[in-house]
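Both of the next two complexes hold chain A, though its partner changes from chain B to chain C.
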Partner chain A sequence: MVKSGMVNLVQAELRKLLWLPTAWVGLLLGLVAAPALVLVSAGGTRRAIEEGIAGDPSDTAFQPLGIGLLGALILGVVAVSSEYTSTGEDAPRARQLTTTLTAMPRRYRLVAAKAVALSLLVAVQGAITAVATLVLTEVVLGPLVPPADPGRAAAAVLYWVLLGLLSYALTLIFRNGIVTLTVLIVNSSVVSVSYLLTKVTPLAAYLPDIVGAHMFLNEVGDVDIAPLTAGLVMTAWVTALLGLGAWLFERREA
Partner chain B sequence: MIRTAYAEGLKLVTLPSLRLTLALTWAVVLLLRLADPAGGVVPYARIGTLVLGVLAAGHEYQAGGQIRTSLLAVPRRPLLAVAKIAALAVVAAPFVLVTALLAGEPGATGGLLLDLLLAAAVGTVVRHPVGATGVVLTAYEIGVPLIRTHLPDVAWPTSPVWTAAAILISVATFCRREA
Partner chain C sequence: MITVEGVTRVRGRTRILHEVGFTARPGRVTGFLGPNGAGKTSTLRVLLGLDRPQAGRALIDGRRYAELERPLTVAGALLDGSGAHRSRTARAHLRWVAASNGLPKGRVDEVLELVGLSADAGKRAGRYSLGMSRRLGLATALLGDPPVLILDEPVNGLDPAGIRWMRTFLRERADQGRTVLLSSHLMGELAETADDVVIIDQGRVVSAGTLAEVVGDHPTLEDAFLARTASRGAAW
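Up next, the complex of A and B:
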């Protein structure tokens, strides 16, 4: 009984998520951005490899996956923010969350079900994108890059899932999509604050959003972190923040 | 016109979310000056400015639909649209100047103000603050740098042109669309 209850809950959350137009923006952006980047940057990358300024060539195939992350971020945000959006302009206090909590009053289980639904969705999206991006890189650049290691591809998908959960946890804590989006988009861009902090103290390389990249890229910034360590550190961050978010969600008035 | 713009300005200066964004931007700019990034602090100040623009334009479309009350008070849409932009430019200018001063580059004021107005135009078109924030930040921080690296030879229009175009589009949509 308990088991089927959880399955039902995850199904319901998946259905809600897939019904949101914004979630589809996230899904499509995640699917399209990385392969598109491979095509657009093919010329520049080839030149860089031939001139020997590209760094580790086995990273080349995986680097475009960093941009598709935006899709996972958006999914993590809308999974929460959609519940807090008012359902109609004439009834500003009526939100979907009220209905959700009426149907599922046990809040910890609700947070868990949402996390599972989000992880499943992002994992499927990440797997499809990773395969598409790696195959496309193989086709476009051919012998210039070494064949991709399946283990690293799996690590990249894990990074996507963890980042989706991170943005989910942050949105639970702030209850505001703008803060999460601003922090995470900025940190995945060229003006990343986390990256800037690594110039001040090497410890900043262990911040949740950049440590995960070490799982599937050999050269990230100036600090070297083993893939396993990176994965464990990021999982610890996400678990802690998700715990805090779930606790706040349980304690706060909806 | 003056009274409409004054009313819009009053709405802007009394909005708590704008004050909060501004305070956070100033705090981040001051903190990052300690880190002394290679490209200066202005790129980071720009992020706060963009969010400010989106919120300033988008707040009337949040829960409660304040925009309908505004349109009831000022039914002439072109007038309201122009008043909103004028009020935002006038109210935001001193704050953007302070931001630029804190960033140590007073010369960046004009550019930041143009970015803010562009973000406001996007916010008016998208009518959804979270969505508009995503669009503007992705375009500015990820899209534009990517395009610049991969197509360095194309002569793109300068930022006043982009802002003017965005404002024109936003005014046109605001006047034509059902609120």
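Up next, the complex of A and C:
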């Protein structure tokens, strides 16, 4: 009974996410961004490799995958923020969350079901994107880059799933998608505070938004972290923050 | 059967519910009556496990709502608004709710038909009128065909035809042996619909019983209500 109950909850959360236009922005952005970056940057990348300034050549195929994490971030945010959106002008304080909690009142189970649904979506999206990006790189750059290691591709997909869960956890904590997106997107694309901090202390390289890149890239910043270590540190961050988010969600008034 | 016992709730420094207690029985429409801000919605939210009381308990068939397995098959609730995300269609909304409680997909079309929304099932909830939103909320409450219905101001925003429809609809549910609890600040409406009445004012139950008992010697329910809540009414 408990098991079938959990399956129902995950199905409901999958339906919720898949029938939301904003979630599709995340899904499509995640799917398209990385392969598009391969095409756009092909010329520059080729020149960099030929001139010997490209760094570790085995990273070349994987670097574009970094941008696709935007999709995972958006999905993680939307999974929570859509619950808090006002349902309409007639009842400005009414939100989908009320329906969710009357249908699924056990809150820890609900948080878990959302996490599973989100992970499944991001994993599928990540796998498709990784394959498309690596094949495209092979086609565009050919013999200039070494064949991609499937283990690293799997690590990149896992990294996306963890980032999706990280943004989900942060949105649970802040109850606001804008805060999460600002922290994670600005930090990962415009000015990385975490990266600047690594100039102060190498320990900053273990912060949750940047440590994960070590899971599938050899050269990230100035600090060397083994892929397995990076994966474990990232998982620990996500587990801790998700635990905090779930605890707050359980205690707060809906 | 709904049992509320000694529910006290404090928000910030304000005591918004003070040892609230009453029952709503199967086969009857119980009207939960009180001025705006008296604690009606707060009580219903405690009953549905959305908010937590500092003392007391609120039970549905002897169990707390949050402990119910597949709660939609035990109690259906209608609160503020439609409860649907505004960019979702009514059908998509009802489908995920049905999935969450393992209810068959066919139920979705049945409840849409029941509340008269079949023709608009493909419209986004954000484009619904107030009356349509209430109907969608009611459809959600009915998905699990529950023996208990809990409705917060169900006739708010309905036109006269909609009000009559809702009244008849709830009467039929009670006649089928279900427990119907509805809150309202409209006394005339409740006098038409309710078998039993609970009056709440400033977070306290000031009167409860059958409609006849609560009206007592007063000419109307409205007079009885104003007499019980006179402490506040004077300002008008």
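The criterion applied here is as follows: the second predicted complex is superposed on the first by the 253 of 254 C-alpha atoms of A that agree within 3 Å, B and C clash if a C-alpha of one lies under 4 Å from a C-alpha of the other, contacts with A are read in each partner's own complex, and residues count from 1 in each chain.
Methods note: a contact is a pair of C-beta atoms (placed from the backbone, for glycine too) under 8 Å apart; a residue touches a chain by one contact, two chains touch by 3 or more.
Here the structure is a predicted model, which is why all the values come from computation and not from measurement.
**Q** Is A:8 in contact with chain B, with chain C, with both, or with neither (first, second, both, neither)?
**A** Touch status of A:8: second partner only.
**Q** For A:196, using the defined touch cut-off, is the partner it touches chain B, chain C, both, or neither? Pick first, second, both or neither.
**A** In the superposition, A:196 touches chain B alone.
**Q** Check whether A:124 is in contact with chain B, with chain C, with both or with neither, and answer first, second, both or neither.
**A** neither
**Q** For A:22, using the defined touch cut-off, is the partner it touches chain B, chain C, both, or neither? Pick first, second, both or neither.
**A** It touches chain B and chain C both.
**Q** For A:74, is the partner it touches chain B (first), chain C (second), both, or none of the two (neither)?
**A** first
**Q** Taking the superposition on A as described, I'd like to know which of chain B and chain C A:102 touches: first, second, both or neither.
**A** second
**Q** Now for A:40: first (chain B), second (chain C), both, or neither, which partner does it touch?
**A** first
**Q** On the A-aligned overlay, A:185 touches which partner chain: chain B = first, chain C = second, or both, or neither?
**A** first
**Q** Does any part of chain A touch chain B in one structure and chain C in the other, and if so which residues?
**A** Residues 22, 85-86, 90, 93 of chain A touch both chain B and chain C.
**Q** Taking the complex as given, what residues does chain A use to touch chain B?
**A** Spelled out, the residues of chain A in touch with chain B are 22, 25, 37, 40-41, 43-44, 67, 70, 74, 77, 81, 85-86, 89-90, 92-93, 177-178, 181-182, 185-186, 188-191, 193, 196-197, 199-200.
**Q** Per the contact definition, I'd like the list of chain C residues that touch chain A in the complex.
**A** Within the complex, chain C contacts chain A at residues 45, 48-52, 65-66, 68-72, 77, 79-89, 92-93, 95-97, 99-102, 125-126, 128, 130, 133, 140, 157.
**Q** In their shared complex, at which residues does chain B touch chain A?
**A** Going by the criterion above, the answer is residues 28, 32, 34-35, 37, 39, 43-44, 47, 51, 54-55, 63-65, 68, 129-131, 133-134, 137-138, 141-142, 145-146, 149-150.
**Q** Any idea which chain A residues touch chain C in the complex?
**A** 1, 4-5, 8-9, 11-13, 15-16, 19-22, 82, 85-88, 90-91, 93-96, 98-99, 101-106, 253-254
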